[in-house]
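Comments concern the structure below.
Order of writing sets the chain letters: A, B, C and D. Residues in each chain are counted from 1.
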Amino acid sequence: MVVPLISIILLAPLAAFAIFALFGLAKRSFPRQDILSTAAMLVALGCSLYLLTEVVPKPDPYTVEWISLGSVTFSMGFYLDSVTVIMLIVVTLVSSLVHIFSIGYMHGDPRYPRFFAFLSLFSFSMLFLVVSDNLLGIYIGWELVGLCSYLLIGFWFEKDSAANACKKAFLTTRVGDVGMFIGMMMLFKKFETLSLHGTNGIFTLIADPAKFTGDTSDIVWLSGAGVLIFCGAVGKSAQVPLHTWLPDAMEGPTPVSALIHAATMVAAGVYLTARMFPILTPSSSLVIAYVGGITAIVAATIAIVRFDIKRVLAYSTVSQLGFMMLALGAGSYVAGLFHLTTHAFFKALLFLGSGSVIHAFHAMHAHHDEEHAEGNQHEHDDHGLVHEHGSEIPPDQDMRNMGGLRRKMPWTFGTMLIATLSISGVPFIFSGFWSKDKILAGVLGRAMEWNSVHHYILFAVALVAAGITAFYMFRLIFMTFFGEPRNQEMHNMAHESPWVMTVPLVILAILSFPVVNTIWFNKDYIKPPDQHHVQAPQHADISPNNKTGKVDFGFSIFGISEAHAAEDESENADDAHHGHGPAHTIAMVLSIIVAGLGILLSWLFYHKRRFSAESVATTFRPVYTLFWNKYYFDEFYNGVLVALTVWKSRLFAKFDLSIIDGIVNGVATVTRAVFAAFIGFFDNRVIDGIVNRVAKVIWSVGGRIRRIQTGAIQTYLFVVLGGIVLIILIFRVL
Amino acid sequence: MEPIKNIESLAYFTPEILLVVFAAAVIILDLLVKDQESDWVAYLSLIGLGCSLIAIFITNSLVNTNEPISLFLGMIRLDEFAVFFKILLLLATAATILFSIRSEELDVRLKGEYYALLLAITFGMFLMASSTNLLMIFISLETVSLTSYILAGFLTHSPRSSEAAFKYITYGAVASGTMLFGLSLIFGMAGTGDITQISSQIASVLASGGVSALGVLIAITFILAGIGYKIASAPFHMWSPDVYEGAPIPITAFLSVASKAAGFALFLRFFRTGFDTPEILQSIDWGLLLAIVSALTMTVGNLAALPQRNVKRLLAYSSIAHGGYLLMGAVLLTSEGLSAIVFYLIVYLFMNLGAFYVVVLIANESGSEMIESYRGLSSRAPLVAGAMAIFLFSLTGIPPFAGFFGKWLLFNAVISKGLYWLAFIGLLNSVVSLYYYARIIKAMYLESAEDTDTFSFTKSTFALLSVFVVPTIFIGFLNIFYSLSAKITLQ
Amino acid sequence: MSLQHYLVISSILFTLGIFAVLTRKNAISILMGIELILNSCNLNFVAFSRFVKPSENIVGAGAYVLDGQIIAIFGIVLAAAEAAVFLAIILAIYREFGSIRPDEVDTLKG
Amino acid sequence: MDQILLSLMIFIPLLGMIVVLLLPREQEELIKRATLAFTLIPLILAVYLFINYNTSTANTQYFVSVPWIDTFHINYHVGIDGLSVTLLLLTALLGPICVLASWRNIEKGLKAYMALFLLLETGMLGFFAALDLFLFFVFFELTLLPMYFLIGVWGGPRREYAAIKFFLYTLFGSVLMLVAIIAVYLNSGAPDARTFDIPTLITLASTPGHALADPGFQMWVFLGFFIGFAVKVPIFPFHTWLPDAHVEAPTAISVILAGVLLKMGTYGFVRINMAMFPEGLDIFTNGDGILGHSLALLGFINIVYGSFCALAQTDFKKLVAYSSIGHMGFVILGLAARNPEGINGAVLQMFNHGVISAMLFLLVGVLYDRAHHREINGFGGLGSRMPIYTGITTLAFMASLGLPGLSGFWGEALSLLGAFQEFEILTILSTIGIVVGAAYFLWTLQRVFLGALNPKYEELPEINRREIVTLVPLGILTIVLGMFPSIAINMFYVSVSNLVGIIN
């Protein structure tokens, strides 16, 4: 029953896309692509829901042999455990809602059918990624979602900013993917397979000493593989330092941002890391945790000062993904995935909400597709906009043009408020609170249990980030929905969106309440996999929960100990809040406090206007500018380029800077510079040069021989005599 | 086996006799008949060649192949080797006559003499291919030389032609004089002119210390000068470009194929039977000497051909280079090498004559031998251009044309003796050669002519052309030619 | 007189001939040089066949061979023929170039 | 009957050439149709062979061996194994596609063009089927002449230069190969037992104590063959003929050049260098130090150098040309690994690259026929003008940059997986090629298709039906093989494991 269901789940969206493609070749398009795709998604959703009843936790994967090379074989397989099913439901659900939303949002777009076709293709790829039990399969889905994100970000490719953004997204993620591929190769070399579960899957082999003697070199190898595979996640989930593509990706239509760049694809990185949980070693986990933590704080701080509503959400997404990574890195498997699902819902909601707002402002434009038509018009509109990196803020996305919308669009307001409360971690009634709290508890738990200073630091970071989250989210709400309309003319035009758009909002809002997420608290439904090679440091058994116990600064990189007690150790490591009640309570209390603090501050700043953000900004000028410029990541990447602009101008003046954006084209420019010179020099001078030189020599010799041929007979006779004498000399006398 | 006495020998000598008879007949009839316009003399001499060919087959059938006989008290030898070369030479002469009929540069007044001389030179070459005595060798060589001097200078009122003749004879006289001196020394050492005994004689004198190896070397080198001049091998090649350029095209074709072939026949027989004994091989590093000469020859020929703009001269140099390739087979005088040379000569006959025939045609049409006059030939005369392309690629040695198979045999022979360096030089040379052959191809196919009026050729022209094209394409694929060339030996 | 004397003379003749051929600036004198060469060869042949006793396995014991002399005679004949042709060609050259200096006859080159 | 099928397939194009030559030059339509027919028959035969090929054994099938030049023990010996049948199919498939691609844009001398093309096809088919070393060489060289003329006569502005350059490079390589061939022949046994028969030679070369098995000898012969093939592949630094040849050649010929001729190099390498000279191979792939890594190093250089060069191009066609240098690098890398993953990957990559690069060149041709230039920066925004063309191009690009799910990925992935077992660092460095590959393709995509439509091209006509027909089969192959690579791999993995057995 399972296999056919999964096949349907996968094939339905694929078919929707295939139909579009076939019609396309015939230079026509399917009459109602939107209905088709949406229907396909709903079918998939239905099947996924049904699977919920089917699956018992941790069955063997359903595999088929894919490629056989005689000695070696690669198999493709589906692996279906509770997590997979939940992911399936999340993806199909959000995707369906986004489909429905788009029917309204994208209505009237010249490439309306294509949009839905791409959405279907994306859904297929994402679902494929989720179900595959094989790094090869995951990698396939992985790259395909990347492709779809490329296509959808660049959906309005006439806009240069969009064209750049999609390229940047694809290439930045691909950098990570290459790391992932190398990681795969390392695993393959060690285990001669790429399947994960099952009798001869990596996760089984890793436990068997014959295949994997847990000695240092093996552990190092494994850590390396783990980190490299995590690189893939860093790219896709926009973790520092590869996060810069995600904000730019907001150039795509808003439903895309909601589906791909909030709910599903970016979460795929987290999902992958969770999947690879068993092979993570202490060191690789720590790397993951740190990357996550840093991302969380960095993104959050940047978000504070954005004015583009979509970018705020983008950075908040990055930051939330950081949280999830942090959780996984700290060994809180469940917490990470829990937050993934909750975040998927409320963030999708937020994006769709913002979409609805943008849509509302769009009414002012005669044509709906103005949002993407000539992106360069933004240069010369006079809202006194501040220069964001990449392109100017479109007026209909600039929060400074909004305000007081809550009466204009109550549904949107209401739903978005719920989501905001959820993400800010307002206690008890909102799902976001639970998941975030679980993360904090997990980190703190690990910190106490291992006495590891690293995790204490990370916990602090996470806490701060959580506070900031609350702050900037409410800033968004206040600026958008409360207060007086700042741009009256635009305000007048605003209106509530049609039902096709509001209904999804409502559904998502419902999903932001914990009731539907209780499944995550079901211990025997969701079992975290074992981490065979993560144990607490040897001396951690003094007392699991001693507050006074000296904190161990020298975290042993390879927490290798006797294999015994690995099980329950990792058990503890995961459900930290059970093993360590104190950790849980502390975390909960603190998180509530910081959330409250954040909300309070933003209320004072942006609603009550007690303090003016501007004055604070001026007093903390350096910090402000740092945030404003997003820690100068893009500038840093561009710096590589700038250093080479000198070269460039010398080597090919005709080529202008405008199309250069970020590291990608920076590298491109380097290579244009270096290699244009290099090829010019090497290919033509050296290689051809050698060839030509040889040819020249031959020619000149030919010329010389000609010159000997003087035409005077007596010279010829001289040569004859000379020849004779020479021969005699060579062969006898000498 | 006992040499046959003179009178009995005449029976086996009919092919040569027929040639002489027809030569005389041509001259006399030419004097009597006053018709200068038609080409009957040419056809008469063709008939003569035909008769002689038949005679060759008959006489050959008289001989027991594995028991060759020597005529006129051991002056000349009648064996498969000789027979092969005679047939080859006959074909070459026939082709030359046909070219001459079509060539427009030849002087109409002296047809009789011209064709008579062609027959005479063929006679001389027959002797070259079969003589086994120093005296015969010298006489045959001189016969060929003297007649070819005249033929080279046959274009009266053409300074080029006379100059060619002058250079040719000066060079040739000195070379043959030098050779004669060498022969005299050999005669002195061996005490006999019979080359079948020379080797053993010289071996014994060398052993007894009668003469020094130096003496032998000097003698051999002098002789080499004479033969080297005939086959235009470096450093005795320098006459050939000038002579080839000056001489009438049919004669150039003839010299580049026939007299080269004859020279090789003489060369092989002389050194194979005369000097192929261990003692002499010890006294001089034979293989190395010939290998160097061969390498030098092909390299000089190819490199000097590169800058040429006159196709005739270019082909002259190319034929020097081919002499070098052929010499590769002569290195170490192995039987493999011998059969390789034989095979290559067959191929060379067709492709080189074919190329020269095209030169004749173009010269007739455009009155020029310069490469410019080949521009756009592919559109002006597609078939001729195609044929020329085939000949040139074959000369370069590119499959599937016969030239490749010929080259391959030669390299095979060289490598079998472990002379990789020589093979390597040879191959590099064929790459270089592509360059100047391709220049003609380029002119014909990739460049366009100033005037694009198409050339008109007669059916017979194409017929004759196909006589050369078809073998150039197919010889390589037919086992018969390989087995045939493997059969030709010198004991 | 021993064989050596003849050989020395013939070598001198040969060298002189070569020298003439290489240096003379007149076609006629080149012809003369060639004649010298040929005659030196003839002298060789005669001398050899006079002095060198061929071993018995070629001819019967005590037999006396005239090969050398015969070759010499042929040599003379061919030399004459060559001279004739040479002179004819020189005439042609003179007609075309108005000179018989070999170094002026060099239109064909390269 | 089955026996002659192979020979039929090889020589029907030749027959076609004769027929075409006999047709009157005015009957252009007729000539085209005839050529198409004579290229379709081999395709049908190839498909037949492909289907009926017995994948369970590594023995050569459908083989014919008749004496040809007895004097030198040369036989007309043709047969197919998994490797050759795959490449035969590729060749036969590209045949008709190229004819269709040359349907409209050959202005002058159509008859000669088609005749030469048919000759070329015979040469290629024969090469992949030949099992006699001499025959192998003859067919190898047979492709030279038509190529020279096809580039030289129907090529672009600098065609003469490109043509002669191609000719000289290849000839140089092949003469070295000739020496090696003769050396092998002469060492294959006593004068009357010598042979050119490839299978026999392979067994001889692996019998200990035989002259052919001597490592020193094998090393030199290996080098001889290697250079011969390296020029064809082309392996750095013998590659400089390729960009010129590609840029100047007419579309169809570029397709053949990239699709088949480059494969002749790698195929020959597998067939001769690897199978016949394992000792020699050992020296260059299995030792320590630079020499032991030389082959992998060359592969790496090809990948990185090729892709970076491609990144620097502004000529669309040159970009594709350099990209194929890069992609052939993966083949070399995979072969250097000598393990099943690597070699299978390499062979798969050969096939896939054949298909994909063919698509790319066809697409370039389509654009060139319309805009009459190939300057990448000279376009812009075509995406909105020619959606279908854009779609297909995107597919081809994605396939070429190794997007999983499209065929290009599997070859690269397997080659890398294999290579990583042997050469970790080199392989990791080679992955740079993947990123750069993505970079130049996406960048091109952006400059040509994205952004605002270049006003010059507002009237640019959309890709027409004939062109779509030439592209669709390739596109389908790309997708199908991308999803089910085993379809191809099953054809040859047995042969490959057999080869691996010989090597180790």
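In the analysis below, contacts are C-beta pairs under 8 Å (C-beta built on N, C-alpha and C of every residue); 3 or more make two chains touch, one makes a residue touch a chain.
Model, not experiment: these values are computed from the prediction.
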Q) Stepping chain to touching chain, what's the minimum from subunit B to subunit C? A) 1
Q: Work out per-chain C-alpha centres and flag the one nearest the whole-protein C-alpha centre.
A: D
Q.
Count the C-beta contact pairs for A-D and for A-B, then tell me which is higher.
A. A-D
Q: Provide the C-alpha centroid distance between subunit A and subunit D, rounded to the nearest whole angstrom.
A: 38
Q.
Quick check: how many Å separate the C-alpha centres of subunit A and subunit B?
A. 80
(Q) So the centre of each chain is just the mean of its C-alpha atoms; given that, what is the distance between subunit C and subunit D in Å? (A) 66
Q: Would you kindly tell me how far, in whole Å, the mean C-alpha position of subunit D lies from that of subunit B?
A: 44
Q.
By the touch rule stated above, which residues of subunit C touch at least two different other chains?
A. 18, 21, 102, 105-110
Q | Residues of subunit B engaged with two or more neighbouring chains | A | 166-167, 170, 174, 178, 241-242, 307, 435
Q: Identify all positions of subunit A at which a residue touches two or more other chains, and write them in rising order.
A: 706, 709, 711, 713, 717
Q.
Let me make sure I understand the interfaces: which chain pairs count as touching?
A. A-B, A-C, A-D, B-C, B-D
Q. Which of the residues in subunit D come into contact with subunit A in the complex?
A. 237, 239-240, 243, 308-309, 311-312, 340-341, 344, 377, 381, 383-384, 387-388, 391, 394, 398, 403-405, 409-410, 413-414, 416-417, 420-421, 424, 427-428, 431-432, 434-436, 438-440, 442-443, 445-447, 449-453, 462, 468, 472, 485-486, 489-490, 493-494, 496-497
Q | Of subunit C, residues touching subunit A in the complex | A | 18, 21-23, 102-103, 105-110
Q | Of subunit A, residues touching subunit D in the complex | A | 21, 24-25, 27, 66-72, 136, 139-140, 142-144, 147, 150-151, 154, 157-158, 160, 162-164, 166-167, 170-171, 174-175, 178, 181-182, 184-186, 188-189, 374, 655, 659, 664-665, 667-668, 671-672, 675-676, 678-679, 683-684, 686-688, 691
Q) Once bound in the complex, which stretches of subunit D touch subunit B? A) 67-72, 137-138, 141-142, 144-145, 149, 152-153, 159-160, 163-164, 167-168, 171-172, 175-176, 178-179, 182-183, 185-186
Q: Spell out the part of subunit A that touches subunit C in their complex, as residue ranges.
A: 706-707, 709-714, 717-718, 721
